[in-house]
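Several structures are given next for inspection.
Across the two complexes that follow, subunit A remains constant while its partner is subunit B and subsequently subunit C.
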Partner chain A sequence: MATVTLKPTKVPELMFEGYSITPDAFAGKTAPQIADLPGHEGKFVLKLGDFFEVSGNGGETAADTDIVITGDCTRVKYIGARMTAGTVTVNGNADMYVGGWMKGGKIHIKGNMDSFCGIQMEGGELLCDGDAKNHVGCAYRGDWRGMKGGTIRIKGSAGNDIGTAMLGGTIIIEKNAFIHVSTHAEGGTVIIKGDVEGRVGGQMVKGEMYVLGKIKFMMPGYQKVGTVEKEVDGATYTFDHYIGDLGERHGKSKGQIVYANLYLKAAA
Partner chain B sequence: MPKLIKGVGCPYCGSSCDDIEVLVSDDETKILEVHNACIIGTNLFHHANDPTRPRLPRRRQPDGSMKEIPYDEAIDYMAKTMLAAKKPLVYGFGSTNCEGMSAVARIAEKSGAVLDNCATICHGPSFLAIFDNGYPSCTLGEAKNRADVVVFWGCNPMHAHPRHTSRYSIFPRGYFTQKGQMQRTVLCVDPRETDTAKLADHHLMLDQGHDYELFDAFRTVLRGFEIPDVVAGIPKETIKKSVEIMKNAKFCMIFFGMGCTHTDGRNHNIDAAISLTRDLNTHTKASIMAMRGHYNIAGPGQVWAWQFGFPYCIDLSKGTHAHMNPGETSSVDLAMRDEVDCFVNVGADAGAHFPIQPVQHLKKHPFITVDPNFNMASEISDLHIPVRIAGVDEPGVVYRMDNVPIQFRAVIKGLPGVPSDEELFNKVYERMCELTKTEPIWLAAKEDRRYPESEAVI
Partner chain C sequence: MASGEMIVKGGFIIDPTRKIDGDVGDVAIKDGKIVDKVSSSAKVIDAKGKIVMAGAVDVHSHVAGPKVNAGRLMRPEDKFISGVFRSGMAQKNGYRMESGFSIPSVFKTGYDYARMGYTFVMEAAMPPLLAPHTHEEIHDTPIIDEAALPVFANNWFVMEYLRKGEVENTASYIAWLLKATKGYGVKLVNPGGTAAWAWGLNCLSLNDPVPYFEITPAEIIKGLIEANEYLGLPHSVHLHQNNLGNPGNYPDTIAALKIAEGFKARNKFGREQVMHSTHLQFHSYGGEGWKDFCSKAKEVMDYVNKQKNITIDLGCVTLDETTTMTADGPFEHHLHSLNHLKWTNVDVEMETAAGIVPYIYDKNVTPNAVQWATGLELALFAKDMNRTFITTDHPNAGPFTRYPRVIKWLMSKKAREATIATMKNSDKMIGLTNIHTMDRELTLFEIAQMTRSGPAKCLGLGNVYGGLAPGMNADVGIFDLNYKNLPSDAEKIETAFQRAACFIKGGEVIVRDGEVVSHGHKKTVWVKVKMPENPQVTRDVSQAFTQGTYTVDIRNYPVREYLAPHQSVIDVNVEA
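Moving on to the complex of A and B:
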């Protein structure tokens, strides 16, 4: 395993597009070569070395390259986007598109993330110790095939549009979420351990949602069908089981209509 | 002898009325009378007579005052500023013609800018919903001739589109709607009792910000399932009755406005409305249309989607491809996040329409306004370049709210020396090419427009 350390030295005036900050791009490169990798600030192409002090060489492959960013990346986009293996750790905040389109590997953001993290994710693990803004693990605009696999875990809260048009994978929000959870989803699992304002599972075709807190405004297209006991993220609870969205189209499996499932923790 | 010009288009709201008659002085420099237009349209034409209209660009001086400068100097400043910026933002185009929009695309591409239009603070979310879910729409003519149930959801045409109801949606007698208003059932869904709501047969006064739930309730009822007793403040019975009305229509037309696109959920509200329209089509004919605000705000969507593949929020900074993702590349977000370092406001008033914080951020950098009149944006600008008024002293193509192109005409002569948007942007483009020592590429859809002068670039 080889560790490449990036120490932020300068805050970009506009946002810096750090699309080169992935184990895939760093693999097989020496520290000076890594510092020479490109990134956009507006229309100008700059180098990673303009904003970071690079130490350590990359591993032979992406899988044995670990990247550690030792400071704040509030104005750096695309960290770990499209990566397939290896790890990225940021000891601070990160801007948009963290782990977007990622296929494998692990990202750990110790601060907060901005919007569009894990957009169109296909595999791997994205962990955030702070809050995420909007569009966690959602689909890119106009794409009806959203997140396909992998796990996103946000230890704080998230905004709106979580898992839009999701097809697979798991999103766990340990605190609260605002609106639009699993809208248009056709698969996947979303677990929200806190409260949600509303619009949980609107236009949802298939998939699972677990809410351990309260839903302030329930979608009218969901109907309670029973009470079940289920294990969620290592703990077992009793849930009210709802199916929906009854206003949306649904497919059939073995002659049975398949609905999306919403498990809302039953009042004690 | 004053001349009466018939069949004139009104360059104000999205109704784009093309039946206006304008009486002009015989030297074609003054507008004397305006017939058929609503009060807003009438005033817009008379406004062109204003003797205080700016005729020269004005540049901010070190002492804060504005000083008139020649056009060449303004063009030079604009070209240099945009080229020097890391990421300029070009915003506006609510009120100009498609020729101007097409021309600005060249300078945006050349300077690696973000190209955005007023849809970003208006019907942009509708675009996103259309990307996600399609757009089962029709023309206003179809609405007029066929619709016997008209739903106004989160829009108030009585104020925003004054002649919409009389030309297209409620009152006109059409081919299958001979009895006009008598034959139409009008539903209005709005949290306030607007003048449109007063005109409607049924007003569903929903809780503000709960359109999505209400759409879902409509769809659930339409599929024959039960819903809770009250959804979004509307009793179940009212919802069921409204669904019945829509289902039993011969042709149900849904018009939606800012009430859907700029409350919580934004694109999802429209998305649900589109799904509802699709569901209704299993029972009857139904169609949906965005109540676009300005007479040619559908234009940039058409023009730029043809040029770049995206209708708005187009980030051209990469030079190799366009990138679009509202939330990131949308004007207000870019400004809020300090992601642009030069702002060009064209045919719109960002000074009046943006929240104050984005304007404060934008003001840290060069701020250019291209507009025929003085407005709030022009007054805080570093450079204000006046142009002719499209649809009044400059002809051009405009797209009505239903995406029907209409050729607007000029009714009076333009102010001497004042260019059109297209001419101005072409000059800026030429200057940018001079500065970057590159060959301009002129490719135009129209025969009489500019073509490459040098064979090398064909």
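Moving on to the complex of A and C:
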């Protein structure tokens, strides 16, 4: 295992597009070569070395490469985007598109993240100790092919549009979420441990949603069909089981219509 | 238009208009036109070891107008598919950002056509009411000359006149509308079917009556051929047939082609056909459903080959993720119900409608593989390549940027077999098509007919586009292919046509080594008919605006001059 450490030295004037900050790009490179990797600031192509002091060489492969950013990346986008293996740790905040399109490996953001983290993610793990803004694990704008696999865990709260057009994988929000959860989803699991404002599962075809807090405004297209006990993220609760979205098309399996499931923790 | 002299020296010239096939020679250029000879001080462009063809002409492509723009708005992910977030060119001064794959931005549209050596592109379906927007977009598309075909076959005036058999009134109305919209010719999209769509219906057969108007698609097609020839327009009627895309539609296709029998082209522009049947691939299917869905390219081409007064374009499926968009509103609804992807539907008052749905042509899905084969088979069965044109009905069957790939497939059996070998259900596809048994490989001369001389003649533009004879526009493409020694690796054919070694338009170098070096001087071409005033049509049109049938005032309807600043007007005079 090899660890590459990036120490932020300069705050970008615009946002810096750090699409080169991945174990895949760092693998097989020396520290000076890594410092030479490109990134955009607006229309200008700059280098990682313009914003970070790089120490340590990359491992032989992405899987052998750990990246540690020792400070704040509030103005750095695309950290770990498209990575397939290895790890990235940020000891601070990160801007948009953390782990977008990632296929494997592990990202740990110790601060907060901006929007679009884990969009169209296919595999791997993305962990955030703070809050995430909007579009956690959603599809690219306009696309109907959302997150396919992997796990996103936000220890704080998230904004709107979580898991839009999701097809697989798991998103866990440990605190609250705002609106639009699993919109248009056709698979996958979203767990929200706090409260949600509303629009949970709109136009959802298939997949699972768990809400341990309250939903302020329920979608009209969901119907309660029973009460069930289920284990969620290591603990067991009693849930009111809803199916929906009744206004959307649904497939069949063994002669039965397959709905999306919403499990809302039953009042104690 | 550039002044000064230029000479393209020593290339293998391929020019079907003069039956020149690979002779080594020069092309002399002066003041934007091709000339016999130039002085020794002319700028020399070396074409040694490369082929030299006229600028290419696209007879049918959807590149400007409200549905193209709606497609862009509806599919932000389309630019993501292209994988190119920033074009290198845009970094240089004076060039604009390029984005999009199946619905490229106007700049990418102009640049990519130029890179492939195209000089003229016909926007294939302009809703008349939205012609101002179409022209704004045409004007914003750099380099290429363009024209647009307004749609007529679901227009209330046309259906009213033709129901009563009034061909002259129809012709007068066409003349008025071409002028108002700065249009080029008469486009028919799903005749009657799109009007029926306003009632939630369609006209799948030629004899299905249009609700309320009580006219049939066959009557609309016949009447518009008569009106088109009455006027003597440069182009013939341009027909998107009924029953598009459905299994077993080929008998309807041949029935519609038969309507042209007995008509003779009447015009001063050298056009010989009375009907252009577009994207024929979508209309050449057998089978009763998707399970036995098969190619009937042979049956359709057997008919087309016999009928000299018909031209066709292919509409080749390129096996890409693309965006379908057409004035065939009911078809798009049908497609949406098949693939469940997002759908846009628009009604355009008394004139037409449109729909948009993304579509993924998957080589592992047998009907898509059959569609791929059908498009290529049409060309491989064709006897007269001057009546058979390469298109992808951009973006419906694939983006226009795949023309070089279509050329590769047509020129190389090996390339076709290589694609077949990657298909999951190749055996099944082979059983449902002819392609695997076809050995024909088209020549560069035939490709030049299909992309240059043929479409130019079909549009009545054969005197300026599509050839390298003195007097014609100095639009010249140079491609890195050795005529005497074509590469055994067909991929190189695709590469050569994707990025011209050099492209000259109007005597100005536009592309060098595959990259755009000038925005050139684009023109908007339209047809202005001069004919005696027809009081009834004038009254009918003005009433439609004053009695509230249209939602706009007649003063806001026409395309104003400032929206089409670089016009090239073709005059047509109709005597009383």
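For this structure, a couple of remarks:
Simple rule for what comes next: the second predicted complex is superposed on the first by the 268 of 268 C-alpha atoms of A that agree within 3 Å, B and C clash if a C-alpha of one lies under 4 Å from a C-alpha of the other, contacts with A are read in each partner's own complex, and residues count from 1 in each chain.
In this section, a residue touches a chain if its C-beta (ideal position, glycine included) is under 8 Å from a C-beta of that chain, and two chains touch if they have at least 3 such contacts.
Note that this is a predicted model, so its numbers are computed, not measured.
Superposition note: with subunit A as the common reference, subunit B and subunit C are in steric clash.
Looking at the shared chain after the overlay, A:43 reaches both subunit B and subunit C.
Counting residues of subunit A touched by each partner, subunit B versus subunit C, the larger count belongs to B. Within the superposed three-chain model, A:96 lies in touch with subunit B and out of touch with subunit C [touch as defined at top]. Of the two partner chains placed by the overlay, neither subunit B nor subunit C lies in contact with A:11.
When the shared chain is aligned, no partner comes close enough to touch A:228: not subunit B, not subunit C.
Within the superposed three-chain model, A:144 lies in touch with subunit B and with subunit C [touch as defined at top]. The superposed model built on chain A shows that, among 24-32, 114-122 or 132-140, the segment of subunit C colliding with subunit B is 132-140.
Common to the subunit B and subunit C contact sets on subunit A are residues 40, 43, 140-142, 144.
Contact residues of subunit A toward subunit B in the complex are 13-15, 40-44, 96, 115-116, 134-135, 140-142, 144, 160, 165, 179-180, 183-184, 198-199, 202-203, 217-221, 223, 245-248. Those residues of subunit C that touch subunit A in the shared complex are 74-78, 80, 86, 91, 340-342.
The touching residues of subunit A, when paired with subunit C in their complex, are 40, 43, 139-144, 249.
Residues of subunit B touching subunit A in their complex: 85-87, 111-112, 128, 131-132, 210, 212-213, 216-220, 222-223, 225-228, 231, 264-265, 268, 271-272, 275, 279, 317-319, 324-328, 337-341.
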